[in-house]
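Taking it in order: structure first as structure tokens, then the write-up.
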């Protein structure tokens, strides 16, 4: 698996394997930046992986007053789930618990999508018949009276059926500090890519997994080949100079977006170089048989 | 002997009918208006309008369409005057001048007597009069009079409906003392066994006001029984409306320009049709009292059917009898809410509207539909 | 002029005829084939079905409630087509004129309006008078009127009740009596929201059962041919089959006509607690030859329900489509006008549709069941041709059933019924049986002496098309329809009876009206002279 | 490409029904065929060619050079993507039941403008008659979508039974503005009179000038409404002034409490 070397960083001749997902986008606004960000952070919390969460979610981009429908500071969030139904269920729960409850917020659909799912329509009844409907330019909103005024929420939200979940980069370095430095550089670069999110904490996951387990009934378990402390006792994928592996996982609204995000992350990591950052970059896959989207690192090099 | 005149000069009835037919047949869009006639007269007039491919309107259309618009865009509860007389334990009269719109009202509704039908028979009737005119204030002994101008009535009804539903009203407009009185009245309405509103659109109520009243009736019927008696428009309006309904499917303000009836209360309003120049000849029927048309234009050919003495200065005039006075007439009876034959009280040989129109019709050739 | 309709397939159950033959008529009457006679006019009817003009026994075509429906729904009947010459207002939708034209085109020549309120009968007659071509008739509604309820409460002798019934029928110029939710409308005025066969009318202390049984007897006693025409309690309510079966049990062995029974053929099975109980209903009817019924078939369409069952109509208001309606508390019954749309995708409507067809197909004697849609309550009368086609073709029914909600089919026996009506059976239902029901001897048949009301249909696989546009229709021997188009109007009569009674009742009624209403009773009369056309009426003989 | 143009020859002698002259209904017809279309509504025939001179052009856009208060049903049932411009006045029911598209009238419009409009953007530079966006006789709902901008005055009962969509009236409104509102939004910048918002169910009346508040409207206080900010942005292109009214704090009067008390009148604080 000997790959290419760029700026001293070894690039595996490997590929990230990603899966189709259904995605929705929401724009939350609030009277202040603080409360818009707070709402977004809460609404996208506990949404790292569909393995154990109802969806994978994250902040796509912060929006300025000029960019939001109501002229207030806002945040654009993306939510990925296995199906449209799954996305709807997750949204209704998250908006109901995290946006409706959050002071000052209003909620809009971020895009038209292929189909619509009910969001405002599903929580308008919180208004106990005092809610009012407002339609403008073909979009419908509910004004739900709440204790600090009104919660304005769009009745339906667009879902794009064919999006991509699971783009990734495996960042490997000498130790935790340098590996983290490189990974964070990658994450920062990817943040600038619109329509893509990194659902794990700070965009980074340390618990990469493999398929299967020594325990019966567990379908996935720690990816021991990349665990530095097991280098001697397991069939490792790590060279002696690698002491830490971190992974960036990317969900995007399209194939191109994920490719673009991975390219941006890879470039940042390479630019940092092996001394301060990563010595090697790899990608996770399942042999190419499970996911239709394959991102070969060699194609993404700067 | 019946009289006919052309621009004030006498002509024979025969010639008058021929002349009328000539004028109307020659017009591009003739108007049959006024329609102040009994049911056979209105019926003949509508048939004539259809044959001429003109339009028809009644002089009291404004009033009849107030009630009809509420019925057809909201819904309506009504009853007969008989049923109100015999059963209503709470009667709410709405608006000024009801005793002028229906001179027999007080006697017919027997408001000073207790209801005779229903489990509540014999218990004293409660009468409330919202906004009577000055002469009517003392007309009913024991009635609760609630003064209100015509402009205030819709708001009062709104406040009643709000309070019957237990909803708040504007405290700047309705102070505590007033609110207490309204709430007392709302209780009276809710506790009625068979309540009844009585109103006349002709008193100046508009469709929004009547809709508010009927909406209140609808609300009250959720828990008790409530209904209404409406006082029909003048000059045979109710009867002619019924005839228009079975003949064309529509009330007056209906046109046949395209060869089938189209109902449009805006387009086929008589005065507008004349004043805009869209109608180019008019037959004005006003057999009850010779009321003159309300339009201002005087340059289109005009044929007037009216009783003796009501001839206008210009145009063709044909004297007709007064329905129910000089001849027996089928009219909508306010006291029964149905058609009835009214015998003549001062019979004469003046022709009926139906007879004159039939004679005109006989001189109109069938207009080939295009 | 002597006319012969040559070589058609003549279907005339009254005379048992069902085969190729000729029909002769002259001077407005059917005549026997003249020996060697030559016709002045000969019409080739080969390939055609020849029947007497059809009779509709129950169709709401006139009266204040019908007119309220017209005025209530201007947006639903906008015109689109100019009329032909010589047929004024024939394309004015829902007008009395269009009613005449459309019925005539389908080969109908007699239609009965089944709900004329005594206090509003003059308007009904005005409207009937303006239905061209057809002969008409009406049934007078009693059973919620104060005078009768007082009589029954006071246990007055039969002669007094008979007198009241007869003078009312005679005075309103009708063909008989209808009774609509007896006592129920009165109970609704007393704020009852449900009312069954044995519920007591407040104030009068009577049950529905007592009222209709009283009227049933009076109808017979005064020689009215038509059995009491009963609109039962609990119309349209799930589980009301019990009301219907109980009512038949209460029929005392006397003639009784149950109106639009489809609306009473409901059980409570299934997840929706609504199912067809038509099979049980039909079985009961088959066992009671004293009972006749009309179906009130539901046809999927936008329509408006018009009924003097004010209680039922009030309860229907929340389901109105479009959402409006008029509720009229009349002197006795009154009326409720509630628009509605029957949808093929609606479970309840689908069950209703199926229940109606089950009744048609499971009641054995076609002279015991009539084909109404209770126009316009189950659907407009213009859907009759489609209904006839459904009765005549199991295959067509199957096609329709495939479009219904599958769940609905579980709660009806319709899929198992293969019966197909023949022309003969159709004519029994719409001609001979209908004539018998009203005691008409001069119509519903092609026997010599009958009025020359004849409908000729060009035979076709498309039964609905065949019955919608008759090839020829003669009214009183006059050709009024050719190739499905009305050529001109003629004026039909309004048929009525004059039952015998003791005239003493009139004096009593005069003073009753004077004392209670403060009105002369004459204000409610139907004088011949009131109508715009002379000779509006024709009398039909009562039973001996 | 130039629009398909109807140039007025002379004021028609009667009202004319122009509902047949929408772009989609003209498609595939030759000029000669179009000239023969009957537009009269009386027994005296009036054809397109009697009233208009035609000039072929892009059928997505129809233009009338010259209008008349007798031009009824201009743009009736108009479909999305199409547009009609009238340089002049129109009569009754402009944009009746339009599904979408754009209609602009340089002059004034008659009664029942935008009646039953389902989605068209209709701009009337002059005044409109009574019953703007209202239902016709017997109908239960008025306009159900789209946007109407009136630069001048509106007649009585504008917005009657409005069900959805937005009316902007820059001039004065006639009596009884917003009667029987079902829902939807009316923004009125000029004076109002009569029973404003009578029988209002769930509609919003945004009034630049505070009206006489009726007995069944109740003061709910002054608030900053997020939806108003949203509307302010969305309406800016159509009416700067309407956008300005919506951009600040608004006093809310809840009503009509005779109905549910779930509609509102909003006026600038």
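The first chain written gets the first letter, and so on, giving A, B, C and D; residue counts start at 1 in each chain.
Just so it is clear, a residue touches a chain if its C-beta (ideal position, glycine included) is under 8 Å from a C-beta of that chain, and two chains touch if they have at least 3 such contacts.
Bear in mind the structure is a predicted one, so any value in this text is a computation, not a measurement.
In terms of C-beta pairs in contact, the better-connected of the chain pairs A-D and B-C is B-C. Separation between the centroids of chain A and chain D, computed from CA atoms only, is 46 Å. The geometric centre of chain A is 70 Å away from that of chain C, both derived from CA atoms.
Between chain B and chain C the centroid-to-centroid distance comes to 33 Å (mean Cα coordinates, whole Å). Looking at chain C, one finds that residues 72-75, 324 touch two or more other chains. Of all residues in chain A, none touches two or more other chains. Chain D has residues 136-140, 260 in contact with two or more other chains.
Taken as a graph of touching chains, this assembly fits none of the simple shapes: it is neither a line, a ring, a star nor a complete graph.
Applying the touch definition to all chain combinations yields A-D, B-C, B-D, C-D. Put simply, chain D touches chain A in their complex at residues 119, 145, 164-166, 183-185, 202, 204, 223-227, 229-234, 260, 262-264. Note for the complex: chain B touches chain D at residues 28-29, 53, 69, 72-73, 154-159, 161-162, 165, 167-174, 208, 211-212, 215, 255, 257-259, 262-267, 278, 367, 370. Residue ranges of chain C in contact with chain B, taken from their complex: 62, 64, 66-68, 70-75, 77-86, 88-89, 91-97, 119-120, 122-123, 126-127, 130, 146, 188-191, 202-203, 314, 317, 324-331, 334, 516-519, 523-525, 527, 529-530, 532. Chain A makes touch with chain D in their complex at residues 29, 69-72, 106, 129-130, 132-138, 141, 143, 149-150, 152. Only residues 13-15, 40-45, 70, 92, 111-112, 131, 135-140, 161, 176, 179-180, 195, 198-199, 213-219, 256-261 of chain D touch chain B when the two sit together in their complex.
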